[in-house]
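Shared between the two complexes below is subunit A, which has subunit B as its partner in the first and subunit C in the second.
And now, the complex of A and B:
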């Protein structure tokens, strides 16, 4: 398994797109911190950017990569190897490659320019989001042989988590604004990993005070030890869920 | 002739009276070791010197014009007791004292120095520590409170007093004081024609400056920083607020300044930095807000729909999360010639004024004002894209709240023509 993982990581790092992704992240983070005098503001900019780009990049690339590796997977299956081993090496390989790109591209600039809890939180959140969206990409890839369809599903997931989910929440809040919905919203938030990540980081910055009463509700939750733990647990659950589904699918799939 | 002589005699008698003013020296372990006794024995216009040492006294009532001077910062300690100095006569000067440890009372607003219905009293260069209320002026006029340092011990709003508390007064000058750790730094109620200048009010539980029913006042060059809620100016008219600094009032319900039910004022050359809300205006009318700097606030200006005919001119808005927030669809105020950090327009003719008007109201700011829970979507992609769309095709933001002459570059306020 480790051999295959190593091979995949090597293969990925030969791919210039990952390198480009890393360089882009690095340029963006250094740029934000240098152009913006206030570290807090720069971090918010980076948060905005990374929550948009990291899931998009990982989900599109991973879906593509799965389809490109299709022949390789079929070849591997001819060997005396477990299906589980093959899929986990692919997943691990992607995670390691994207994780490293993220740590180098985002983590190093942040730790150099602004070493703080919020920075660490942002890095942690982005890492988990990387894993989550790689897993979702694998689900989409395994689910259908059709490249176009798989890509469409992946993008749909991305749009859903980035845009549609928030839109639905806003709609919900509009319609139930007469009720004390803060607590409920708080738990609904846990249904979207990107929202969890965003609020987790936001609460570590001064922006928290902007949010007034409902901010205080979130603040109380997301700055307490168990709140943060629960949020990260939710993120881990969000990683585990698509991983589990993809393994189930891959196990039964007639490739 | 006799008449002239008489006048001459009276004049002589008077000057002799002044010249004959005696000095009294209060020293520990001497014949005169009690301030109360010295004040009792002194005649009008005498000078009482209080020498270095600690005096445990309270309720020293001054009922004649006296000058009380501390030599080497003598300490008068109330030891948790009642008020220390009560001034009930005109023309009293008090300087150079250290007053401390007045006990907290829930029945009486105990103060280190209380002025009761007097004129021409000067309180200068004193240090007040842990005195519940610091300097308390009631029904007085033409008094000066200068260069005092007043440090409280307040931990919560309920059992804290105000550092400088002025109630029903006129022509008061509060200059160069440092007040901190009280409920309100400076408290004005029914105070007219007064001046607050060069004070620094920090770390107070509630307001740095609390201002009510006071008209025709000026406050200038003050610093208000790290106060619980900031500064409140309420139910007043003709107030001039010039070159003050409002900083670091950061918290769920904090603001730089609250303008509530005030009219015909002027705010000029102030700096608002790192406040949750820079200026919160409710029922403010005909205020001219010009040449101020709004830097890194959460919301720079929150101007409610009941504000009328205010002029917001030539200000700099830099690095604020939201620039202007309002809760009305119509706009009855005038915005012109400001520099807006979030302005996305261009300037083809290079005259320094943007060619497209700027809409400083942010859609999301409006949404969160209506639905506070929507705050959890702050900085999300959905919100950012909605804002962009709204700015291009306004639907919800007040259409007429625009700055027709947005500046391309920040305005340098050094050269502005003061209208005053």
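And now, the complex of A and C:
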């Protein structure tokens, strides 16, 4: 399995899109820290940017990559290899390549310019989001035979997590603004990995103070040890779920 | 060697394989023939574990292949359309597959097709610039490389030039004499003539017949495979008319 993973990582690093992604992240992170005087503000800018770009990049690229590797998968299946081995090699390969791109492009500049818990938290959140969206991309790719359709499904997932979900929450908050729904909202946000990540990082910065009553509730929750643990647990669950689904789908798929 | 029992597969409403029962042994050269869409490729893919049958079982050397992968050590597969990862060079492909197949020791390798197809010369070429026929050559060399007991070839001769075609046929003939099982699908019946010992005829997902070539020759009193098949098909039409 490690041999196939190694091959995939090599193949991915020969791909200029991943290198471009790394350079873009690096430029953006150095840019934010150099243009903004306050480290916290720069971090917030970087947070917003990376929560938008990281899931989008990983999900689009991974979906495309899965379809491009279709022949390779069939070739590997003709060898005495388990389906599980083949899929986990692809998943691991993508995780390693995108993880390294993120650590080099985002992690290193951030830790050089502003070494803090919030920075580490942002890196951790982005890494987990990378894994989550690679797994979702695999689900979309395995589920749909058609490349264009698969890409559509992937984009739909991305739009849902980035836009639609937040819209629904806003709608909920607006309609029930007379009731104390902060606690409920807090648990609902656990349904969206991007929002969990955003709040986790936000609460480590000064911006938390500007968020009113719900901010206070969130702050109380997400700065306590068990709150952070629960949030990370939720993120891990969000990784495991699509991974599990993709393996189930792949196990039964006719190639 | 390979037993197929009551094999069924549906793609949606389309019943691609219906109660297939077949049995292949080592030393046979089985021609799997039938019109387009008769289920030949699906049957082969089911044998390789790429398509998962709805019902029925397939035994390889007496044990079921369901959810198994190790039995594929003994199978060399050449797909209908050979497609490989784009960014790879021919040499890299061979290195990678050899890397993956660490179960086979280097002295067991069969380089004969690799040499006679002159693949060494295209080692530095990228796979996506190879022509269809060249890809077929690479694919054939890969199928034979690990010296498997069973060879499964899906339309192997379609894209090959006459010289390579003869090389491949000669190699297949030799493999059968050496006691290997060769399973081959093709529409070009002339190509199959010298290799075949048995014929399995599929139509609309059902096995019409599975007989040895000698038996067919006797029954039809024809000599060439295409004549034999034409004879049988015409005979059927005559019955229907």
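Rule of thumb we're sticking to: the second predicted complex is superposed on the first by the 255 of 255 C-alpha atoms of A that agree within 3 Å, B and C clash if a C-alpha of one lies under 4 Å from a C-alpha of the other, contacts with A are read in each partner's own complex, and residues count from 1 in each chain.
Rule of thumb we're sticking to: contacts are C-beta pairs under 8 Å (C-beta built on N, C-alpha and C of every residue); 3 or more make two chains touch, one makes a residue touch a chain.
Only a predicted model underlies this, so the values are computations on that prediction, with no experimental measurement involved.
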| item | value |
| --- | --- |
| Overlay on subunit A: subunit C relative to subunit B, clash or fit | fit |
| First (subunit B), second (subunit C), both or neither touched by A:31 | neither |
| Contacts of A:76 with subunit B and subunit C, given as first, second, both or neither | second |
| First (subunit B), second (subunit C), both or neither touched by A:11 | second |
| Chain touching more of subunit A, residue-wise (subunit B, subunit C) | B |
| Subunit B versus subunit C as contact partner of A:124, first or second or both or neither | neither |
| Touching partner for A:177 - first (subunit B), second (subunit C), both, neither | first |
| Which superposed partner A:68 touches (first subunit B, second subunit C, both, neither) | second |
| Touching partner for A:152 - first (subunit B), second (subunit C), both, neither | neither |
| Shortest CA-CA distance in Å separating subunit B from subunit C in the superposed model | 36 |
| Interfacial residue positions of subunit C with respect to subunit A in the complex | 11, 45, 48-52, 69-73, 75, 77, 79, 83-88, 96-97, 99-101, 103 |
| Subunit C-facing residues of subunit A, complex | 3-4, 7, 11, 14-15, 68-69, 71-72, 74-83, 252-255 |
| Complex interface listing, subunit B residues touching subunit A | 250-254, 276, 296, 298-299, 319, 321, 367-368, 370-385 |
| Interface residues, subunit A side, partner subunit B - complex | 38, 41, 44, 47-48, 51-52, 162-163, 166-167, 169-170, 173-174, 177, 181-182, 185-186, 189, 194-195, 198-199, 202, 206-207, 209-216, 218 |
